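After this come two complexes, each holding chain A, first together with chain B and then together with chain C.
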Partner chain A sequence: MDTTLQDLNAPHSMGTTIIGVTYNGGVILGADSRTSTGMYVANRASDKITQLTDNVYVCRSGSAADSQIVSDYVRYFLHQHTIQLGQPSTVKVAANLVRLLSYGNKNMLQTGIIVGGWDKYEGGKIYGVPLGGTLVEAPFAIGGSGSSYLYGFFDQVWKEGMTKEEAEQLVVKAVSLAIARDGASGGVVRTVVINSDGVTRNFYPGDTLPLWHEELEPHNSLLDILNAQGQSPEPMNI
Partner chain B sequence: MSSAGSIDDLSVRIFPPDGYVFQIEYDAEALQNNGSVVGIKCKDGIVMGVEKLKASKMMLSDSVHRRTVMAVAGLGADGARIFARAKSEAAKYENMFSEPIPVKELVERVASYVHLYTLHWLCRPFGCGVILGGYYGDEPELYMIEPSGISYRYYGAAIGKGKQAAKTHIEKLKLSDMTCREGVLEVAKIIYKVHDEAKDKGFELELSWVCNESERIYQKIPDELLEEAKSAARLPSRKTLITKRPVELPFY
Partner chain C sequence: MSSSSIVEAPPKGGFSFDLCKRNEMLSGKGVKHPNYRKTGTTIVGLIFQDGVILGADTRATSGPIVCDKNCEKIHFMAPNIYCCGAGTAADTESVTDMVSSQLQLHRYHTGRESRVITALTLLKKHLFNYQGHISAALVLGGVDCTGPHLHTIYPHGSTDTLPFATMGSGSLAAMAVFESKYKEGLNKEEGIKLVTEAICSGIFNDLGSGSNVDVCVITKVGKLLPDIFQFLGRSFSLYQFNFVLNGYGTGGKRIHEKPLKTQSTHIRQCEGIHLPQEDRLVSLSLLKQISI
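This part shows the complex of A and B:
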């Protein structure tokens, strides 16, 4: 049909939910894992949290290509900067570089980025660089199509100085709420914790996430059911 | 073997057989004809003093960036060019990285700019030496850039007419224990000591610092401290009182 053909040729966009929160000691970045081309899910397990340096990561949303290119350029500049400085770059420098590229090419790019990391001068910091190329430093930031459903949620639930566990639970809960309501977000939840001790990646499979109003329970696939019963289905002999 | 005055010293692009690029050596002579500049690194900041000879080609000690202090000694016009370049480098860096340019970074860029002019036959090298200091990060930093483009980090540095004598005096100081307030008095004394009263009638002393007291921002030192420094500097030697300015009574 016409619509499916259009979908296959549509640009890869990350209708997305991305979140960055600061906590007492660092930051936590979280994201879903759906990359869609129109109605087709091109990648159901993508990694939208990308590393720039040892201590700075970004969450990417919007056009997959645009956000990848921006991340690549900023990673390159930061690498040079680290060599010149002789020590790790600060999060602020990384965020500024992202902003300069986003704003300077605003006519051509369509990407919203959340920059998060930890440095020894400022501690954990989150910067949002949304579509137009503004730079906003905030205790937490949300982005992507799924974030529309989270503004009220964060208004109520957000508090300063959470512990690492509280903050991570908050991020996972928020992403799963957005996945429930936003068709362009889905898959698994990935989080990255950045603090003075280093970086930790966590992975929450889709079927372990809490269910919300009217969501159906996950079922095992027929393959899993048959395997559990001891009958492994044989491929057809043609 | 080549020697000064032979054909080998005519241009920077000529490399004499014994490897001694004379043009760069002669360049350093330009500094000897101008007033002295002294810079020291104290435990809480940088102090810089300039001997501004009356009607001389000495450059002001000025701020390139609010967190650094830079003094250029030598030909004034060349110095202005170096200043402009340093300011431009500092501004571009801050625009891109949204943080003040680290002193080491600025020094590397200014030094490579100065060095560039020793490589091309079209241009003559800068007739200037630069002392650059700043307190950005963990420790105060002081660097000196020679006309050849080489730069090193120093505890104390001096260029210009009285640099040999100044260096001897600086070496006697215990800089690691000195605060900038004390450093100001010491720098003033050194400049007064190396000032050659016979050859240059009268001069103006300019002092500035980047230290904890000035909140790590470039500042011409406050007037009362300047007066205190001048008085303390004039105390020991009666010779320096023979100037065209009104004589001030020693301060006890």
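This part shows the complex of A and C:
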């Protein structure tokens, strides 16, 4: 009982798998939806892809509180910057603001962020800001506890200049692979496509994801089967 | 060059966590800390078709002893926003009181009804600043001009927005009930029944929760017609009017707060709950319907 209570008081962390890839027209961000408090899943349908501006989104991982606060501050700074600049801010500026906060408070924060977006100067761009606050510009970025299982996968399947459909399928496949192997990732797969036309949010429920090695087909629970037959199930009577 | 007196620089602003470190060091050495008064607790919230329903048990514990058998865990934040609190009783009380005052000042400044997201941001910022040392886990629910909202706030300052939520030591038991029986578009009776079942599940299966069930329903009354006749045509037994013009505090709306009923139900009669042999009484108190 004591350990369970301790776990429930643990900081809310996002076990997580987050991915950002560029394709030949923009970027696609993808994430799972599990937020855990110790061993308990506090939120099985959380949204880890947060909007900063109309054209820049971030994927959050690590401590839920830290990443929410960092993205709130960056959204606020970016809003001011947009007003002062007079035009939409670039992805590079957003990424640098995230980096300044992460690096400047590196002793206190525990959060890994992937910044992705589209602007008219550089097109689609992905920047990774992992723990510690370094800024890495890359054609694709992965983060979170589930990313450990994806490094080899991406080395093999990544190619430049994919189409939107190819890239989205790649992201969904990758997140579902990580969900299969990482206990701290799970739930549904959310993706956000950002290009010159705007932003599209997609949602893939857990049962539409492909099954991997040794995973079983989902079966209806006994409760559903009994309810379907019209009789309400009686709990055990002693 | 004399090195006699080295003046210490005055401490910089901000909260000093030194005593927190000292407490951790002491407990590492085996010194027991005094028992805080905790609300062991099961608190829940759900969104139904007309608004939000919040529920809570009423037991407050100090270590193994129940120090308050009927405490109120559903705190007032604004006329249209209520907040359930779990964790250390002092922390939840003071944090909700403080934000409630801030919301009232904000209402005076803006002349508008408070929004749930405002309360959420104020609470989350405060809790994050204290890095989790304020042990308050909250379920915040309310109805404002943008619709019904339900949020959970954790002691470290992270928040989630959900259609149904549970917090506290009994949250696992209550969440099990919600996960099996919740669906969208519940009506008020179904919603109250589900919230009660969830809290009862926490009460029966968690040692830190017990006593009674408090339920709070927050809805939005339909468009108010200036037509007085329709209003008087209905028959109300207990009604309290707060008729405020010009939007100070209530946005020009009428607030009806009527106690629904206080009903004591023997556990035996609660549907679907399988009971122990001894006769235990659970009373559904504080069924308050708040419509705005």
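The rule is short, and it goes like this: the second predicted complex is superposed on the first by the 219 of 238 C-alpha atoms of A that agree within 3 Å, B and C clash if a C-alpha of one lies under 4 Å from a C-alpha of the other, contacts with A are read in each partner's own complex, and residues count from 1 in each chain.
Definition applied: contacts are C-beta pairs under 8 Å (C-beta built on N, C-alpha and C of every residue); 3 or more make two chains touch, one makes a residue touch a chain.
Here the structure is a predicted model, which means the values were calculated and not measured.
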{"item": "First, second, both or neither for A:181, with chain B first and chain C second", "value": "neither"}
{"item": "Partner chain(s) touched by A:35 [first = chain B, second = chain C, both, neither]", "value": "second"}
{"item": "Larger contact residue set on chain A - chain B or chain C", "value": "C"}
{"item": "Touching partner for A:164 - first (chain B), second (chain C), both, neither", "value": "neither"}
{"item": "Chain B versus chain C as contact partner of A:43, first or second or both or neither", "value": "second"}
{"item": "First (chain B), second (chain C), both or neither touched by A:100", "value": "first"}
{"item": "Which superposed partner A:69 touches (first chain B, second chain C, both, neither)", "value": "second"}
{"item": "Complex contact set, residues of chain A against chain B", "value": "81, 84-86, 90, 92-93, 95-97, 100"}
{"item": "Complex contact set, residues of chain C against chain A", "value": "124, 128, 131-132, 135, 152, 154-160, 162, 169, 171-172, 180, 207, 274"}
{"item": "Residues of chain B touching chain A in the complex", "value": "96-99, 102, 104-105"}
{"item": "Chain A to chain C touching residues, read off their complex", "value": "1, 4-5, 8-9, 11-12, 35, 37, 40, 42-43, 45-46, 63-65, 68-69, 108, 223, 235"}
